[in-house]
Amino acid sequence: MTEIKDAQRLEELRRKHGRLAPDLSAAAEPSPNDDVRSRQPRFCGLESGHRACQGCGEALGARLVSETAGPDVMLSNATGCLEVFTTPYPQSAWRVPFVHSLFENAAAVASGMEAALKAKGKRTKVIAQGGDGGTYDIGFQALSGMLERYHNVLYVCYDNEAYMNTGIQRSGSTPHAASTTTSPAGQERMGKRHLKKDLLSIIAAHHVPYAASASVAFPVDVRRKVRRAMDVEGPTFLAIHSPCPLGWGHDGALTIQIARLAVECGLYPMVEFERGEVVSVMPIRDPKPVTEYLKVQNRYRHLFNDKDPRAREEREHLQALADFNIARYNLKGVGEDVMDTDGLDTVRRGGPVQVM
Amino acid sequence: MIEIRIHGRGGQGNVVAAYILAGAAFNAGRYCQAFPAFGAERRGAPVVAFVRIHDSPIRRRSQVRSPDYLIVQDEHLLHDPTLTAGLKPGGGCLVNSNLSSEDLSEMYGVAMTALPAGQMSMAMMGRAVPNVPLLSAFLTLTELMPLDALKKAMGERFKGTVLEKNILLVDEAAQRVPAGAWKEISLARSA
Amino acid sequence: MSSVLTRSGYADPATSLNFKTGSWRTLRPVHKHATAPCHGACPAGEDQQAWLAKIQENDVRAAWETLVNINPMPAITGRVCPHPCETACNRGQLDQPIAIHNLERWLGDEAIANDWPYPNVPAIDSTRPKVAVIGAGPGGLSAAYHLTRRGYRVTILEALTEAGGLLKSAIPMTRLPRDVLDAEISRVLEVGIDLQLRQRLGRDFQIDELGDEYAAVFLGIGCQKSREWSVGGAVPADLHEGLHLLKGWVDHLSMPEAERVVVHGGGNTAVDLCRIMKRKGAAEVTLITASGLPGPDTEPDDVLNVVPRELDEALEEGVVIIPHATIQRLIMRGSRVVGVEMVSLKKLPGKSGRKERIAFEGTERVVATDMVVPCIGEVVDPEGVADLLHGGSYLRARDPFGHLEDHPNVFVGGDARGDRGTVSAAIGDGRLAAAAIDSYLSDTPLPDLTPRPPIPYAGLNLHYYEKKARVPVPKVPPERRTDDLEIEGAVAGAAAIAEAHRCFSCGNCLACDNCWTLCPDNAVIKTAQLASDGSHYLFDYDFCKGCGICATECPCGYIEMIAEP
Amino acid sequence: MLEALEGSMAIAKAVTRCRPEVVAAYPITPQTHIVENISKLVADGQLKTELVSVESEFSAASVVLGAAAAGARAYTASSSQGILLMAEVLFNISGMRIPMVLTCANRAIGAPINIWNDQSDSMAVRDSGWIQIYCADNQEAVDSTIQAYRITERTELPVMVCMDGFVLTHTYEPVDIPDQDLVDSYLPPFEFKRALDPMNPKSLGTMVGPDFFPEIRHSHHQAMVRSMSEIEAADADWQNLTGRQCGGLLSVDGPEDADLGILCIGSAINTLHAAREEHPELRPAKLIKLRCYRPFPAAALCEACRGLKDLVVVERAFSPGLGGIIGTEVRAALAAGDGPMPRIVNYTIGLGGRDIPIELYPQLIESLDSAHDGAFKIFDVELEKLAEEDR
């Protein structure tokens, strides 16, 4: 009975939201594409007209998440680029209910939303989302509390590995040796001295039903993981590696390529945890040397100074970290697999190869 | 207005004693107020609670500096001479002690009524929680209100055998002190 | 100003659509339909990528219709074409090329089996001009077909007793079974072509006479006269010319017997002949050719102009091929040849810049033989066209459309041009000539033949393709090959569709959704129908910021970033 | 029906009557008993609510923010450092105009750490945009809590009900917990028009730039100013229903013709009351109980002070380097009014839980003999305890 009601409700939502921009003022000119927009064969959670940089990985990640999870969801969003570029008053790019409160409380606000929905007997899913600053660092406590209290919330971290909203400052997620404005490379220092926090393992240690890493380079995989998390009645966590062209120093057109390289070299392992145990990884068919990933980003430019012996040492260090990930999670693929790094993004006429 | 100060140690049920006494007064149709001398004290540390009983609503919220009565749950606390300092002239002081009232009064130079409340509690409950016998003795001495009001207040807080044994303690303690011995004081103060 | 503020500044959904981020753009993505290598290489002008796409969509009939909009005879070309498309196929650089040739054949066979009518054929309109097509070979048939589709009334004048030309007279059944050939030709004729047989140009009619009835003439007369062949003036008394031998074989299975045969030449006729001679019992069959064998060190224009698989089969069957060589001298015993002296040579750039054949002194050697067969090609039979030959061997057209100097209403195509060599090229000529005739008769401009830019292998994004082995093509093993059993089998059904899915869709939209999926700005719109540029996707320039992700991640190189106008 | 209850339990029961859908709980002395009691009521099945036991006050405030944004009636409570840890969220809640009620069990703020009562905590967030109501006794705390839901849901301004830590929270005294039916008739179910809803997906908490920010702030201020009538109406309606009232924005008690006023917030007003009774020999004084501190009822205050020669403002917090907070604001309000200015003397007393004894009252009155207009001091300071240089 509930399922029927939910299905009706979803149908109603889709009809109601249509795909048309609301014409709020007489002055607003309807876009010539509006009628086509209204027939897009996917739910649109995050609309055009948001103000993300060209080639923003986070915008793409959020679009994928909201369109996969929506429309029967509500969002709690941490302060950060995503919030700033999607909701500059009087506009919002969202087609799902959205609340932004503060930098460090997205998970706690989501907890409250979920409690309210539970009290009201509604089944709308709550998604909390934030960047790595709001997740790894300042919002970590609230996130940990949310997981421990077992709220039925999907927390999505768009991991672009620094405080990008404030202008590229290092965070707990910034990788070793990356140069940021607060871990700049210079005569004395080779970028960030510390390691990237292994947040996923910490999340997994909360014994939550599902925690995974994903990457915007593999949208099919992102959607699958979002669906997986949405199916769980309880706390789930998804980190989505989302390149920042500005912060990483690369052309916006290369966002996907760079995200893919991060996975292919082993520096960003794609792992799924259930109840604290690794249940699945995305095998790397043909691991790439980390230098292929590093050399296309300005944040690692200092690692390619031939005159500096430290540069080579740091490159080797990063390679060792990638190798460590590959060994730790057993990422090296055995043969060809439709779910490996090469198989997953295979395209065919009529859309990507769907894997479940 | 009658003002009572209860001294004890953390863990002896000092605040509970104050609340029960106030509750008893409320049950007897009086206005009441009870509060601890708020502290962060841990088990064993000296603590204080206050009770006010009156026939009309009580507005003041200051601590009781000059009590009409003192209830002392542990005679060793009497080593601090300031404990009895504020007691109104002619006020009553009830102490949990195995000594006789006379010996105790002589020892501290202040008229006191002794009750082996801890011992009684230990015998009855297996635990030295002197507050209930002391409250019973206090009400017996002052005849401020019937013991049933106390028993009712206890019923709001305790259940089962704990309640039954405490009620037995009330009755037992009432036998141990002279009924109405402090009635004059309370009548005077209530006026 | 009216009040606009919401309490505490909440915003309504999707109001960002009022903020047109398109103004941020300095580069804009556009769809750029580049020429797929297969298309660029096809002498018939087919766009294989286009019909492979239809197969990928599981619409086999639409695939065939797309194909026959260009080439009406896929069952034939799918058997006889040397398929330069496959040689050019970008996929060959990843694993192996798509089996385009076999898929084309499959489409043709499916159409015959299901009797699919040719698309876009108008009813005959008696008010439209008439066009005469001389010769019912592949070029003539193609011209007639395309002219009919353009609404003209077409009459083919054929010298022989049946249509087909060289297809029928010179291609062995092992390559092209007669039932397939007949079925496809008759289906082509059924679009409304008037075929008049036994009408030989020069004997039964003259071109000049046609002007009374026909508004234009297409000459698809082929090369019916063997080229003169002699080495140092010596001509063996029993000299057999290759094409002549082949026609005899195809017509009545006759072939002179010989123990050791040397064939001189470098085309399909030569290879066909070698194989037939070998099968008929010749112990040694040697092909001496000036061209090279296919291989990494052989330049494309130096490769033997033979269907690659035919070459492979010939080698399988024991034909010896001596590349980069020519016959320098015949060794005669009386009027009979007993051996040849050959010498190595290579085509190298000469003083004029054009490639010249250079023989290398000191490489001479002698091969004993019973019979020498020249297969060095044929020339136009001047009968009836002497005026047009201007003393040359061929009807030299001045452009791909087949225009002849001084004869505005006469067009030529196919082998008669002298610069063609395949059935597919003749079919292509027929189509282009039909366009030119239409242009001439309707006084409209000629179609623009400027090719779209090609898409190189490097223009693709290979992340999105998986390696996948080419479909195996069934083949009769050499020991079981006969005179009339078709050697190559069919690739059909699910295997064919799977093979078509290997197509990269070079330079054209694969409808893979990548641009739609990966646009951070939701500025790619997916449409239900193909948009005007042949894609299912539109760029919403109101919102596209021009980041270029779609262009980078388009697997097919179909999206290009250009400067914002 | 009157019953004798500890203040914290009385609040827990009052909250229960309001049928909150979500309660966020985090312990801090002296607020802990409230959430303990609520938890017990939930455990015993007497309160049906989503009780979220969070990991910090920061999350407590965030949880109720999220819950109320999602349309739930929400409640939380805290004290002292907890209020400060919440501060960022408090501004956020009011800025988003999200209705909810929070009990502040007033306590001092460290360092030095001190768990006892004063009002430094709620005073520290006086500019957070919340309505602040101070309670003189536990009955007022109960009644104000119920009224607070009515006020917040009508004004879309969050309400902080402030009650002195320990002094009220831990005091056992008779209170009337109104019947459920009565509260239901007073407090209709909560319907938040801007609630997060997939059927009408608004975006809350947008980024507002210079083009609109001042206007949004203005509307917040206007809402606060206008909420005064709602606060008064809530109390008046309550009186109609229960016969009790809490004193609206402020209340005055004392002889009509007294030209001395003593203004105070919180529970100390009652001790002053008892002291005045105890000392009839002293100069007659009007006691002005400021119940509603935010919005600041300037007009009512001017009216209350009409005819006063002297006004003593007694408060339990101060602003180092300035002096009294309420005193400063009262002076400003009276200065802006149309009446003659009384002499205003401003005392902070009872910091960090220091007892306010009856005996202080005569000293207070006597101090007026020598105090000059505008004088401020921590009245009960014992300077001899300080080193010379720190006095």
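Letters A, B, C and D mark the chains in the order given here, with residues in each chain numbered from 1 onward.
Heads up, the rule we're going with is that a residue touches a chain if its C-beta (ideal position, glycine included) is under 8 Å from a C-beta of that chain, and two chains touch if they have at least 3 such contacts.
What you see is a predicted model, and the numbers here were worked out from it, not measured in a lab.
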Query raised in the report: Among the chains, which is located farthest from chain A on the basis of C-alpha centroids?
Result: B
Query raised in the report: What chain lies closest to the overall centre, CA atoms only?
Result: A
**Report entry** Of B-D and C-D, pair with higher C-beta contact tally
**Finding:** B-D
Report task. Averaged over CA atoms, how far is the centre of chain B from the centre of chain C? Could you give it in whole Å? Result -> 113
**Report entry** Chain centre separation in whole Å, for chain D relative to chain C (CA means)
**Finding:** 90
Report summary line: CA centroids of chain B and chain D: separation to the nearest Å works out as 34
Report summary line: Separation of the C-alpha centres, chain A versus chain B, in whole Å, is 65
Requested in this report: Could you check chain C for residues that touch two or more other chains and list them?
Outcome: 5, 9, 11-13
Query raised in the report: If you look at chain D, which of its residues touch at least two other chains?
Result: 96, 201-206, 208, 212
Report summary line: chain A residues touching chain C in their complex are 17, 21-22, 24-25, 28, 31-34, 36-37, 39-41, 44, 46-52, 54-57, 59-60, 63-64, 86-96, 216, 219, 245, 251-257, 260, 336, 342-343, 345-352
Query raised in the report: Which residues, counting only chain B, touch chain D once they are in their complex?
Result: 15, 18-19, 22-23, 26-27, 31-36, 38, 40, 58-63, 65
Report task. Would you pull the chain D residues touching chain A in the complex into a rising list? Result -> 21-22, 24, 49-50, 52-56, 58-60, 62-72, 74, 88-89, 92, 96, 196-209, 212
Report summary line: As the complex stands, chain A meets chain D at residues 12-13, 16-17, 70-74, 76-77, 83-84, 86-92, 94-102, 104-105, 107-120, 124, 141-142, 144-145, 148-149
Query raised in the report: Quick one: in the complex, what on chain D touches chain C?
Result: 95-97, 156, 194, 201-206, 208, 212, 215-216, 219-220
